[in-house]
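See the structures that follow.
Here subunit A shows up in two complexes: once beside subunit B, once beside subunit C.
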Partner chain A sequence: MALDELTQMTLTGINLGLMYALIAIGLTLIFGIMRIIQYAHGEFYMLGAYVLYYWAAVLKLPYWVGIIVSAAVIFVVGAALQLLLFRPLHGKNILYSLAVSMGLIFIISSGGLLTFGTIVKGIPSVVTGGVMVFGAFYTYERMVISIVSAGLILGLWYFLQRTTTGMAMRAVSQDPEVSSLQGINTRRIHWIAFGMGSAMAAVAGCLMGTLLSIVPTMGFIATVKAFMIVILGGLGSVPGALIGGLIIGFIDSFVTTLVSADVAYIIGFATIFVILAFKPTGLFGQDWD
Partner chain B sequence: MTENTKVAAGVWLIAIAFAFLLPVICSYDKYILHVGITIAFNIALATSMWLIWTLGFISFAHAGFMGIGAYTSALLFTGLGWSLWVNMWLAAAVAGLMAFVISIPLMRTRAVYFFMASWAVGEVIKRVFAYYRGIFGGWDGIFNIQPPKLVLPGLNIDFSSRVAYYYLALVCCGLIVYVIHRIVRSRTGMIYWSIHESEILAQHVGINVLKHKVIAFSTACALAGVTGALYAHYHTYINPKTFDIWQSEFSLVHIIVGGLNTLNGPVLGATLLTVVDELLRPTGWYRVIFFGVVVILTVLFLPGGLETVPARLRALVGKWRKRSD
Partner chain C sequence: MLLEVENLRIHYDKVEAVKGISLSVDEGNISTLIGANGAGKSSILKAISGLIKLSSGEIRFEGKRINDVPAHKIVGLGIAHVPEGRRLFGLMTVQHNLRLGAYLQRDKKHLEESFQLVYEHFPILKERQGQLAKTLSGGQQQMVAMGRALMARPKVILMDEPSLGLAPIMVAEIAKIIKSLKEAGLAVVLVEQNASLALKLADKGYVLETGTVALEGKSEELIGNAYVKKAYLGG
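And now, the complex of A and B:
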């Protein structure tokens, strides 16, 4: 294996891994705080990309503002869905939240196919050019995307560690009852967390949409990846999602380049399976009921 | 309670009689018989998935194990020329054995982790079929899987006829449902529900939870394998996409809409929704949206599914009577 190939695969791995981590952290946040299966998480990733598409490619408005708009729109959509559909299921068997979010997948992805059409679309890139790193071509676009993803993950970490709302979120995820005894409005935390998690998926969708192309069915693949990562890292754990994201990103990058995409899936799932067999709660997870 | 059981038994008898008379009623219409066969497959899948649910899990590897059964049977037919009569049992054995091997590490995980791990198993099974072109034919799948023939002295049935296959599917599906009914009604079934209610408590009264989980999971997957074999010989063509996560998702929809508490639920859900699915086929994507709406409405407004409708109505009438007194 030549050095340039290795560099290329490593850079792609980091790039993919951070993006996956961005989606997965949103999911792990939602799970940790609400203990529900949000099976439709990837659909918000798809919707986020489409919001940016309509903003930047159809209306020709500035790209970076578009990402913020997309995140805001999906935040509102996610929070509204939490209040409307997931709040009544609080404390019930996870099967019910699985069923509701499965229904959401059916509605959003088919609705997407009907409204957006089946034609593959692209969002024009705003960053052009690139640089040679050890013989591998690294576009500035990928670099910017990696930096934005890493920045958002760091920002979220800061939010959870330092701000009042962030600390309240961590408290709720540790023990909902005790935290509500301490005066935390858990219902408010629920919809904020759901909105934020969905918005993070939307930003990932925007970034990925610029890099690749967008179709209404891309949400499910994102869900697959996000769940793989979250299970690998442990449900509810933010560092777990970051490390899991990087592991899956590297597997995807290396195995897809060297063998095939199907094998990348097989190895990814086999890795998860082996980890779960030895540590049934993922790498950093707690034992949830 | 006995009154209810009697009513339920009556409804079951009428349903079975109707199913057996269906070819005559629809005057051997090929399309209706096809829908009937699809319903039989869906019932078999939904009920065997429900058997896992009696222990408190949902397994999304179910379609994958159906795939293992289908591929086993298809490969034995195309490779060795064995007919469905032999392959069916081997499909069950292979699917059950694979489930047994996989379930030992899988059953260490719980709740959400189990669901996700089973999902991963389902995806891996599909991808393995897709990747190994030489053995499994890749994404193109396997062609030309012929339905069996039954040659007995004085009896000669060719199952490539739609009516004959309808009865075959009906009988097999009926047997699968009956097996599950017997399991659930037995002492073992009560143990399953106790695990469903509280795993820790079950363990503390001396139930070997892991053993029961492994056996129930393997049994359910073996039954899914039989369904897969029947599916392969009916459609004569299989590819990995058939045994996608979608198949498991739809079985779960059938269970949720039909009802989670008794065996009537998945049977009712699978029958009704397959018919609705066929009726809505011309509407394209709206059909999928409809299913999404139905699932969400059921969970929010009718938890327990359609099977609880009679009891709810009775309660409503009772309340109304009290008020009018």
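And now, the complex of A and C:
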């Protein structure tokens, strides 16, 4: 294997891995705090990409502002869905929220097909050019996207570690009852977490949509990837989602380049099975109840 | 009267766990609820804190009815709850556990004072502030749980079996701290299975048996009571 090829695959692995991590962290945040399986998570990734598409490609408004707008819009949509659909089911059997999130997949993706059409769309790039790294061409666009993804993940980590609301989120994920004894309104934390988790998927959708292309059915694959990652890294664990994202990103990059995308799925799942055989809670997981 | 509970009834599904009990807590006093496992002690504290709904009865704090106040608004009134089994946020540091005790406090200076106050009561916690709570010994965890409650600067602290599972020397340490809280002007509702410890500390005691108050009175009286001696003080 030539050095340029190796470099290319590594850079792609990091690139993909960080974007996957962004989606997966959103999912793991929602699970950790609400203990619900949000199967429609990838739909917010898709919707986020379309918000940016309409903003930047149709309305020709500034790209970076568009990412913020997309995150804000999907935050509101996510928070509203939590309040309307998931709050009434909180504390009930997990199958109820599962049914709702499954229903959301079909409602949102079919709604997307009706509204956005079936034609593949692209979000125009705003960063051009690139640089040679060990004989591989690294576009500035991919570099910027990696930096933005990493920055957001760091930002979230800082938020969870250092702010009172972030601390409250961690507290609620560990013990909601005792959290409320400290004065934390767990219902408020729920919609904030749902909104934030969804917004992270939306930003990932924007970035991925810029690199590749967008279709209304792209959410499902993102959900599958996100689930692979959080199961691998450990449900509810933010570091687990980051490491898991990078692992799946590298597998996708290397195996897809060297063999094919189908084989990448097989190897990805096989890796998960092996890890689960040794550590059933995933790399950074804990036993949930 | 700081805290009053009147005719409190609590059901879990169809089972009545607390069957119409009344109690009262004076400012700056220690009141204790003693009784065997399953007597309903924790349920009473949880009802006061808004964690469980009462079937009937009334809870008043500083004269105001607080039956329907949601759990997250109770601490702001001045009632802090140290739950049974400590229930720390184990994956967080000691400092963050304490910080969450003062979750509603946004004033930096006030927060700083609260930290100082807690570290005065529990100097060891200052040394351990960066450590994950779950890595502490049982006694230190109990200190964090008490410190977390203290951070809210409450008027009354509800303590659910603080001596549970601790070595005798640690129990004595915890007892000393409870006494010093009273000296600092706080009221304490102390739930204990360790009746001799509790009655020694308290001003007033309630003996709970299967959801009812079997006996109540000044602690000295209860300590001298033949039935209490036989059933709870091992002699």
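To be clear about the criterion, the second predicted complex is superposed on the first by the 288 of 289 C-alpha atoms of A that agree within 3 Å, B and C clash if a C-alpha of one lies under 4 Å from a C-alpha of the other, contacts with A are read in each partner's own complex, and residues count from 1 in each chain.
Heads up, the rule we're going with is that a residue touches a chain if its C-beta (ideal position, glycine included) is under 8 Å from a C-beta of that chain, and two chains touch if they have at least 3 such contacts.
A quick note: this is a predicted structure, and the numbers were derived from the prediction, not measured.
In the superposed model, A:N185 makes contact with subunit C only, not with subunit B. When the shared chain is aligned, no partner comes close enough to touch A:I68: not subunit B, not subunit C. Contact with subunit B, but none with subunit C, is seen for A:I105 once the two complexes are overlaid on the shared chain. Touch counts on subunit A: comparing subunit C and subunit B, the chain ahead is B. When the two complexes are overlaid on their common chain A, residue A:V263 makes contact with subunit B while staying clear of subunit C. Of the two partner chains placed by superposition, only subunit B is touched by A:L276; subunit C is not. By the touch criterion defined above, A:A171 lies against subunit C but remains apart from subunit B after alignment on the C-alpha atoms of chain A.
Residue contacts after overlaying the shared chain place A:Y96 against subunit B, while subunit C stays out of touching range. Touching subunit C in their complex are the following residues of subunit A: 164, 167-168, 170-171, 174-175, 177-186. Those residues of subunit C that touch subunit A in the complex are listed here as 49-51, 70-76, 80-81, 83, 87, 89-92, 96, 99-101, 103-104, 106, 148, 152.
The touching residues of subunit A, counted against subunit B in their complex, run 31, 37, 85, 88-89, 92, 94-96, 98-100, 102-107, 109-111, 113-114, 224, 227-228, 230-231, 235, 260, 262-263, 265-266, 269-270, 272-273, 276-277, 280-282, 285, 287-289. Those residues of subunit B that touch subunit A in the complex are listed here as 53, 58, 105-106, 108-113, 115-117, 119-121, 123-124, 127-128, 130-131, 249, 252-253, 256, 260, 285-286, 288-289, 291-296, 298-300, 303.
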